[in-house]
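These are the structures, in structure tokens.
Same chain, two partners: subunit A is paired with subunit B first, then with subunit C.
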Partner chain A sequence: MSVSANDNNTKASLRGFLAKYSVLIAFAAIVIFFAVASPTFLTPANLFNVLVNNVVMLAIVALGLTIVISSGGIDLSVGVSVDMASMIFVMLLAAGYSGVVGVAGGLGAALIVGILNAILITRLNISPFLATLGVLFIGQSTQQLATSGGQPIYLTSGYAADQFNAIARTALFGMPTPVIVLIVLAVAVHLLLHRSVFGRYVQAMGAQPGVAWYSGIRVPRELSMVHVLCALLSGVTGILLSATVKSYVPLSGNAFLLDAIGATFIGTTLSRERKPSVIGTLLGVLLLAIVKNGLLLVGWNFYWQQVGIGVLVFLVLAASFGLRRAAH
Partner chain B sequence: MSATVLHTEAGVSDEKQAAAKSAGRRFGALVVRLGAIAAFAAIMAYFVIFAPGFTSTFNLINVVEQSAILGVLAYGMTAVIIGGGSDVTEGGIDLSIAANMGLCAAVYATLLSMGYGDFLSVLAAIAVGMAVGALNALAVVGLGILPLLATLAVLNVAAGMELTLTQNTVVGASSPLLGVLVSGSFLGISALAWALIVFSAIMIVIVHGTSFGLRLYAVGGHPEAARAAGLSVPFYVSFTYVLSGFCAAVASILTVSRLSASTPGSGELLLSVLAAALLGTVFSRRFVPTMGGTLLSVLFIGLLANGFQLLNVSSYWVNGVQGALILLVVAITSFARGSEGSR
Partner chain C sequence: MQTAKREIAVSMTGISKRFGPVRALEDANLEIARGSILGLVGQNGAGKSTIIKVLAGIIKPDSGSIVINGETASTLTPASVEKLGVHFIHQDRLLVPTATVGEAVFLGHEIGLGPFVSRRAMERKAADLLKRFFGMELPAGTLVKDLTTAQQKVVQITRALAQKASVLVLDEPTAALVKREVDSLFDVLRRLRDDGIAVVFISHYMQEIEKLCDRVTVMRNGTDVGTVDPRVTPIDEIISMMIARDVGEMFPKRAVELGAPVLEVSNLRLGGSFENIGFNVRAGEIVGLTGLLGSGAKEIVQCLFGLKTADGGQVRVEGRELSLSTPVKAVRDGIAMLPEDRRAHGVALGLSVRENISLASLRRYSRTGMVSRSSENQAVDGLIKELSIKTPHRDALVRELSGGNQQKVAIAKWLSCQSRVYVLDEPTVAVDVGAKVEIYNLLNRLAGEGAAILLLSSDLLELVGVCDRVLVVYRGRLAGSFSGPAMNSDALLAASSGARSNADGVAA
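== the complex of A and B ==
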């Protein structure tokens, strides 16, 4: 009797263990698989390429979403923040302003998106999902109207292009600027979310909004901050994006939305309470980026990559949710 | 999940305890609901007066035709939201519905172009659509994954499979069935418009005229109570996802007939589908999703785009106005709900 109970316990704890670390196990398995399948996968040059091209921009958007999702909300308008920052940044540089003014203008545009979200959510009591969905629609219209229907703005030579290069191509300590930016932002968001009073308020609002309110947290103020931060982080991605591709392509930011949500939620499987965390999110982003890159290296085309990523995310979620359900 | 349950319980006990308060709130809600409908009516009146040809039969049928695809998809989404509960992060949602439609359209058009007949091709499209729906159901009900996440992963799978199948190209298609859908008409109303009318009638009867529909609301509104009352919650929730897949397949046949081809980019419809399903709640007395409400909001979105076209307003405004309307309607709704609506 007692033996079988013991046996059940070990089984349950094994399942719990597998559920908790399913992402890490999947991650390791995928890295090993691609390392065997493709000789170029584990080369420093390739890993560097993955980091710069597939990780940095998505990760910064996902950091913003991590804060929002921690607060119990969602932001569907991150793409708009990316695009608006990119648009204003490129327009300012094209008009001959310096990089500093361009960056400030771009972040300002993202800030406006964030403030709009904050007002809709905290003052008008609209649920974050619907508020940011509305802002997404309005943002798309704004871009189409501003670019006569979605004409990209290219800047290939001259003063503005030099300013782009200064942002995207310079290196500090042997690291390209975007990577440095990501590291600084990730550390900052980690400290903010997991080590500060603000972070504790955010987590409280996410866990129990009613209780958070009754315990004296100024929910509207903190929630506004959450959405403004998310928009600003997305704005940083917008600036890095347009500096890297030396152009502004309307409505390109939306591509980040679903991947960033996916990465953040993959990250939540790391914690027992399914809380988002900066480390989990970064792991989720890395997982998506490595799968994309690996599938490309073993010869899958772009279309199959999407199927592969969908299946993989599905399996990771199934493992995490299913095993945990079985463990209970 | 537990937060939703608590929330609903609190709402119910509130209503019992403070009847007077709730009567006042009900009156407020009525005013707001009529106000929102009046706003819709005012926009329509503006179009009737200022947009040339807006009220012509030809134009109105044209709008109904254009709305058919969005409408069928929005019914699927509405069913999922009814059965899963309307909490947007934890409740029922099917993000894969538009991508699923794209996949079904690709399957249908590809099979037709390979020479298979209408019967087999339609059957295959419906089978694929329902299989994708069943995959969602398995993930949400069987594995307990959050609907938002599960359907997000399935979205990627469906969109990727569509791309692999069509190599991101337009697959032309023609068949007797498509011919009927394109040019057939009955009582002066075109086949595509009939498709929306018949499909709407079926959905409204099933959801609002049968005990099955009532149970569906029970499952979505209060899963614990529904379980205690002996309803099989997993069955009803699974059913909505498979139904949503079925709707995607039907919509795919309509879209192939309208464009005489399957085209990439159907995923872009997702946001409009969500908007239609969520906007529809304002037409219901208790601000819950209803099939009738969804139909009205689909037609409204169609009329809005059409009126803008007739007024020669750039189509770039349509999205923005749609977004502003969603915000307006939802802000008014949450104001009307008062404390009950705020989280």
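== the complex of A and C ==
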């Protein structure tokens, strides 16, 4: 194709198009790449597996972090909330309590983690980074103390346990139950963050905390709510995790932390306003999950998968920045 | 090369500088002569500090040329400017508080051997210099933070002289000084002038300019509009040059019938800041509040918005007694605040015009916790139009707006709340003259609609022009209440510096 002066306009609009849809284009490119590289990648069974095992639980934790990061803070203790909910849920079920009690207990445990964070941040004025780091340390030790050095707890039998496992593995209206849970929570968090009064306050605190305070917003109260919500969402993941694997493995929640932070920030970078958003976060989670699963299918081992994810994150972000600049 | 009459130390010609859409300097010129004191005046935003920052190498101009002591300076940096003998005494004390006087005088030019500094040598030399230049016996081992503001200024000047300064630029050096200290500072500056040093003196106080300066360069809207001799040209004329219109036009007068007291303050007290403060602001009234740095005026305003909690006293709004411990309560009780630091507290630059305007009144535009975009948009569009906020659309980021329009967004936020009491803390700082007049008009309209307005300002011209009454705070107490013909900048200045008090008695 020859380039003439008349093509300048077309080129500019093409660049604009690329910049606008860079995320989707990157997605499509990655999906096509893996579809070609691995015959099993696009099969329904694999996609179902990616969705349930790699996307849902990570996404729910990332939703919580999206709220926290929108408020200008961070929560390093999401893994502790996951684990605490998982531990109490499994302990209650193992002791013969009903599922309702188990779920309530699990969420209650996560709630305590959230309240602890909120107190440290809003009452003692500790920075969110240090406060939640401290809770992370304490939470990890607590689990080891409670499980005689980190012994997993298995749900071998019992009505409630089997029922939950069944729910976790069945489908409702053709959708796996955990996926439905995610959709409901994502819609709820989206409305909360982008449509509600509370969400506006969160955005204002994240944009300029001084302005929020000078506008008469109850900053400590709203900030407490932010951390409690994040812990509760992480707790939901903890319960889904235990229900899926019928056990509680100490410290397993930590695996979510970096992926959830990564997904949220990828979402932030890809969004037009450079702000955390539910849609951006979900895209970030999908991107990470697809890349992980794809690399596994083409035969890379765990360690090389990590390298691959790192490189891909760089490439996607660099392409997004480059195209954005070119569009200006 | 050398002209007999006036030797030019610094010559800046055709300096232009833009910040995004804002034109800070446009073809501005500044000429500084040796052995003379040049006053630099202009409204906030006229470009005074920008052109000084260009000379200081802090801001890079878009165009223009700078000649210092006969040498064309192409790229200036703060370090290279000092090497050329141009020194700056900035408004905020840029001294390390925990340094000794000796260390402060030789900061950046330490005396010593290799990497080791000799504090004793520096202190001895600093004491010598202080004695020689100012006849001042100051133990050079004293910590900077233990000095008075005037002494700190002297230490800064000594630092410049120790580096063989040939040009000395002072930005608002008297802002925090009492009268006696101002006089001794002026003596120092006159002596320096007689020694052949070029002095640039930036001040808002026209009386000081008249007293001290040999020439005055007036800046307006980013350019120099004239250089005059203040002993020949009357002050009123210089002020007219600054604002490009008659003083009367700058401050649109209004006739508002005053209503019942809306804000009533009595016996307000804050340990270490102020005590026994009592005044009223009536519906439709604009009351000014002024005082030097540290006088307590600022703290009074902070207590009224719950940013600080008063130790005692009562604050009533429309007869209801308030407990002002946080801004949350102040906002709920109908008090609006326009903070001095607009970027930190007034508007969120990263949020849209719409999000900023509705931030304090979201409950009005929401049902069951969800924001109704249609009613929010309607209200925001109305306010954008009403205040003629210049923004491309309601969803533009506030960052993209000019300073004056950002300030209007901050005001719109409270209009949206329908607040009854407006507390304004230096609302026209860093706002251009045109937007200033719009803000004054806005205050008049708010007053016309029955709001009670308390205006904290250090711009005496503004206070006299806008207010019905001005309260002066001196050392934590109300030193006077001025209205009518007694309300003039001379009287306010005198009361602020403790020279005179009670023109028409402290208001009950």
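Methods note: the second predicted complex is superposed on the first by the 283 of 328 C-alpha atoms of A that agree within 3 Å, B and C clash if a C-alpha of one lies under 4 Å from a C-alpha of the other, contacts with A are read in each partner's own complex, and residues count from 1 in each chain.
In this text, contacts are C-beta pairs under 8 Å (C-beta built on N, C-alpha and C of every residue); 3 or more make two chains touch, one makes a residue touch a chain.
The model shown is predicted, which means the values in this text are computed figures rather than measured ones.
Asker: Just from the overlay, do subunit B and subunit C fit on subunit A, or is there a clash?
Answerer: They fit: once the shared chain is superposed, the two partners occupy separate space.
Asker: Could you tell me if A:Leu145 is touching subunit B, subunit C, both of them or neither one (first, second, both, neither)?
Answerer: first
Asker: May I ask you to decide whether A:Phe314 touches subunit B, subunit C, both, or neither, giving the answer as first, second, both or neither?
Answerer: In the superposition, A:Phe314 touches subunit B alone.
Asker: Which of the two partners, first being subunit B and second being subunit C, lies in contact with A:Ile261: first, second, both, or neither?
Answerer: first
Asker: Taking the superposition as given, does A:Tyr303 touch the first partner, subunit B, the second, subunit C, both, or neither?
Answerer: first
Asker: Tell me which partner A:Ser215 touches in the superposition: subunit B (first), subunit C (second), both or neither.
Answerer: In the superposition, A:Ser215 touches subunit C alone.
Asker: More subunit A residues touched by subunit B or by subunit C?
Answerer: Per-residue touch count on subunit A favours B.
Asker: Looking at A:Gln203, would you say it contacts subunit B, subunit C, both, or neither? Reply first, second, both or neither.
Answerer: second
Asker: Just to confirm the geometry: in the superposition, how small does the C-alpha gap between subunit B and subunit C get, in angstrom?
Answerer: Between subunit B and subunit C, the shortest C-alpha distance works out to 6 Å.
Asker: Quick check on the output: what are the common subunit A residues between the subunit B footprint and the subunit C footprint?
Answerer: Overlap of subunit B and subunit C footprints on subunit A: residues 208, 210.
Asker: What part of subunit B is in contact with subunit A in the complex they form?
Answerer: These residues of subunit B touch subunit A: 3, 88-89, 139, 142-146, 148-150, 152-161, 163-164, 167-168, 271, 274-275, 278, 314, 316-324, 326-327, 330-331, 334-335, 341-343.
Asker: Flag every residue of subunit A that touches subunit C in the complex, lowest number first.
Answerer: 191, 195-198, 200-201, 203-204, 207-208, 210-218
Asker: Which stretch or stretches of subunit C touch subunit A in the complex?
Answerer: 305, 327-328, 330-332, 337, 339, 341, 343-351, 355-356, 358-360, 362-363, 366, 369-371, 413
Asker: Tell me, which parts of subunit A touch subunit B in their complex?
Answerer: Where subunit A meets subunit B, its residues are 72-74, 120, 124-127, 129-131, 133-142, 144-145, 149, 208-210, 258, 261-262, 265, 301-311, 313-314, 317-318, 321-322, 325.
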